[in-house]
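Report on the following structure.
Order as written gives the chain letters A, B and C; numbering starts at 1 within each chain.
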Amino acid sequence: MTYQPLNLGRWIIWGGAALLFAAAPHLFPGGFALTMLTQMGVMILFALSYNMLLGQGGMLSFGHAVYSGLGAYVTVHALNQIGAGTFYLPVPLLPLVGGIAGLAFGLLFGYVTTKRAGTTFALISLGIGEMVFACVLMFPGFFGGEAGISTNRMVGQPFLGLTFGPGIQVYYLVALWCFLGMAGMFALTQTPLGRMANAVRDNPERAEFVGYNTRHVRFLQLVLSSFFAGVSGALSCINFEIVSAENVSAIRSGGVLLATFIGGVPFFFGPVIGAIVFVFFIVALSGFTKAWLLYLGLFFVLIVVYAPGGIASLILMQFPVIRAGRWRELALPYALAALAGLVALAGLIGLVEMVYRLSDQGVSTVLQLLGMSFDARSAPPWIAFGAILAAGLASLRAAARRVGERWGAIQLELQAQAAA
Amino acid sequence: MEFFLVQTLNGISYGLLLFMLSSGLTLVFSLMGVLNFAHASFYMLGAYFAFQVSAKIGFWPALVAAPLLVGAIGMLVERWGLRQVHKHGHVAELLFTFGLAYLIEEAVHLIWGRSAVEYRVPAELDGPLFRIIGSQYPIYRGFMMLVSVTVLVTIWLALTRTRIGLVIQAALTHPQTVEALGHNVPRVFMLVFGGGCALAGLAGVIGGNAFVTEPGMAAAVGPIIFVIVVVGGMGSLAGAFVASLLIGCMQTFAVSLDWSLAGIKISQVAPVLPYLLMVLLLIFRPKGLMGTREG
Amino acid sequence: MASAGLDPLSGPFANVGEQGLAEFRFTVDAINKRGGVLGGRKLEVIGFDNKVSPQESLNQLKRVIDQDIRYITQGNSSAVAGALIEAVNRHNERNPGKEILYLNYAAVDPAFTNDKCSFWHFRFDANADMKMESLTTWMAGQKNIKKVYLLNQDYSFGHAVKKAARELLARKRPDIQIVGDDLHPLGKVSDFAPYVAKIKASGADGVITGNWGNDMSLLVKAGREAGLDVIWYTYYAGGLGTPTAMGEAAAGKVKIIAEYHSNVANNKAAKWDADYRKQAPKGNPDFYFLRGKIMWDMFAKALNQAKSADAKAVALALEGMKHEGELGEVEMRKSDHQLIQPLYIMTLVKSAAKGGPKEAKIDLEGSGLAPVTEARLEAYTSAQPTSCAMKRP
């Protein structure tokens, strides 16, 4: 037995998370915000389950939507059967059905995919994803074809007075399962299996030498991850009351990869941030601009190139500095860099939006931005936005160098202090 | 009989096109360990460039210019993108190309719109090449085969008979040694990446008008060429060749046979067959057809 | 008075959604200039991007509801339409007094006005079966058709086309041989040469297909290359890049069934069509959805008759409504909320400018291919019995 001190920080984080889940609908009132929050909850769970593969097991999958999607399909059938009176199960327990279905498909497909690791695993998962997607359209009897299968979540007797008709009840159901799933997945990282998954990710040869079958570890990790993916699929089924081919599509699989990576693969909480950002991009930003996909792609590429640890790593990097009480020294460089970044962003947005205005025939070529209007067919706005972008990038470069220098100096001093 | 012959020719011409695509991917993968997820996007770019150039000056200049342009873009991507992420490892490189695929698709939407563009087969290649009893075989299909075979023979000669080819081959297995001998390995990488992209671009030039040039063409062909790379054996050019022809013919014949199983015709499942083949192969021969390494 | 147009405004099908919205706005502007609805209120169409995804459509529907918009219109993809019908039914059941009305201008799965019919859904396009009914009525008189091949996309709409074609041909022309019947995966086939070789080997003189988008243009293109000499009987060869991709070689070979084309005789919408073209977005000049104009005109009329913006009152005014359309009288059938309207069989020929017949004045997408009328089928030809058991609130 080892001595384990009460980890106060951890309690604060988990308590805070629970509180945030409970308070979010009150902080952001309104029907649309609730829709978005519910989707964020589902996406958080999905991204975390994905990170069990990518972050903890080193398995880059391009077909994770298979497990959540098939879980959702089984759930929708279960829900319809409950509606038809074949059997009874309270709606709040449905995510378990999805989870078990995900797990079963994890056992089936995981057997094949985890035979290989690395790039080959990635390609096989892609192939399996395409295969399942094609099958969904091929067997409309079970999958409902293109249209998918619709359902009604208000079935059976109200459970503890809850009918799950109103969106707020669904939100709390999602929040509860999301929280439980988070706790479960975090607990898994602390088990020997979780640790072995890390070992297999970092150094498969050594893991083999120690006597572990790396394939076996990958397989177990994938099966468990597909359970949580299935739970998230079931939640999305309850939320949307429809499951369609899109649930297993490559777009979904790619989406969860984007979300997880943007959030931060090396950290348990990374995907949570990523899921929130991702849903914001997809649901909210797409209401403002048609170029949302381009912005998302650019954002992702920037993260890959400059911050492969994701947003989480950028945040966590600050803690040692804050703890040492030296953040004041960075405040000014950060503020300058942020300002330069905003200027560059404004220039970029202006250019991109104007390009979209020109290429899309349906809309006028006049761009409304910050209360001003620009005509994309005239030259001055192009020159102006181009200049803004160039100036922003140049100053960002300078500001970033300054941040880098300051940062390096502080790090050196902190290391020297630690050594002394 | 002539039905069988025509279908075989259809299968081979499609397979050769697939090989032009997968050969570039395989070369880059075996040399750099980078699986270029945006490979199919370069195929798409090739088609669009060819459309643009052939609208301005004609198809024949486009046949040369478009692949060169795509190759140049590929080199820029390698030099200013991939090389920056290289320090973060192969996963980061793969993800970089994954993001790049999104960006290229959006860029294509922006520049050329969202529906198909009118990229046509040139008049001199439009028409029947020969007739067998009732069926006719289009010249353009023959031209596609000719181009593919020419290019492949050229690559093979370049890899085995030229100095740079030997350096590339050596860098495949012993990059440090090659570096120590005074060769600029990063530049070799850049050339190979650009070359792979140019091959994809060329496939786009001849595939874009044979089929259709539209923003979804990359996503349509992408998964298939990845399957070919796995089935052939990661990093094996010969394997990719066999797998390409196999899958090309398999898909063609699946359509022409009227076999059915449990009420589902084999022609309906034709697009799933490559993936099934991949799964079966992984169970029984995890190395792939001609692969030498596992993992 | 706002209405929401839920259609793809980004992604691969954005051009389709934009086209619909542009035409709707043109129509709605005209209604507003005439004095609007309900004594001076203005109509407005707000676009919501559903990315042709059933799920995203429900997401956007929530948004529409949050903005207190009560009228939605959608057309692209029966998959989306099916999801929307169910969602609207659920919403209206759960939120009495805040009902939503759904005007469908292009999703043609027959089920929506049969088994899945809903009081809150109105369809202004002829459904897949009705179009096949008209098409086969015309084919029955074409004695040179001997052998046809059915090639369709493997999903609900493709299945509906295939089933209707088989049944109706067997009834109206039992002597026509169906020499082949294939389903191919939706949007996944890049090389149609094998299918074409198969059609050729079957000796078919015609191909009936519900294919749309690339599946349509690639098929005709592959047929042309292999020298396949057949007539294509289609639903959707008339727009969305297909005429461009097929090229002039398709002249005389492609038949389309639809409710409108620009070169139709006695066209009361001719001026409307021309006016639309003058202000149409560049690159997308065609006026495509006459049914869209009919839809908004009838909707405005229903609002005025109901003297209320309440969805239920408007629905009651709309069902059974007769309307003098530009090409003849149309009726919103009360029993299933299906618009009964005359349809046209058209042939794509070389436009007059390229040496075609002189009635082929206006070509499609500047492709040099122009539609000319082959036959007009009066509204009653396509009217079919319905299995709808409408539940009225």
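FYI, a contact is a pair of C-beta atoms (placed from the backbone, for glycine too) under 8 Å apart; a residue touches a chain by one contact, two chains touch by 3 or more.
In this text, all values refer to a predicted model and were calculated from it rather than measured experimentally.
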item: Topology of the chain contact graph, where touching chains are joined (line, ring, star, complete, other); value: complete
item: Farthest chain (mean CA position) relative to chain A; value: C
item: Centre-of-Cα separation between chain C and chain B, whole angstrom; value: 37
item: Distance from the mean Cα position of chain B to that of chain A, given in whole angstrom; value: 31
item: Where chain A touches two or more other chains, by residue; value: 134, 138, 293
item: Residues of chain C engaged with two or more neighbouring chains; value: 11, 14-15, 154, 185, 188, 283
item: Junction residues of chain B, two or more chains touched; value: 109, 113, 268, 271
item: In the complex, chain A residues that touch chain C; value: 30-32, 35, 39, 134, 137-138, 140, 145-148, 150, 152, 154, 165, 167, 236, 240-242, 244, 246-247, 283, 286-287, 290, 292-293, 360-362
item: Interface residues, chain B side, partner chain C - complex; value: 3, 6-7, 10-11, 14, 109, 113-118, 120-121, 128, 134-138, 140-141, 211-212, 214-217, 220-221, 251-253, 255-256, 265, 267-268, 270-271
item: Chain A residues touching chain B - in the complex, by the definition given at the top; value: 58, 60, 112, 115-120, 122-124, 126-128, 130-131, 134-135, 138, 250, 254, 257-258, 261, 291, 293-294, 296-298, 300-301, 304-305, 308, 355-356, 359
item: Contacting residues of chain C [partner chain B, same complex]; value: 11-15, 154, 182-185, 187-191, 193-195, 197-198, 200-201, 214, 217-218, 221, 225-227, 240-241, 244-245, 247, 283, 367
item: Chain A contact footprint on chain C (complex, rising order); value: 9-11, 14-15, 18-19, 21-22, 49, 51, 53-55, 58-59, 62-63, 65-66, 77-79, 82-83, 86-87, 90, 94, 109, 154-157, 159, 185-186, 188, 281-284
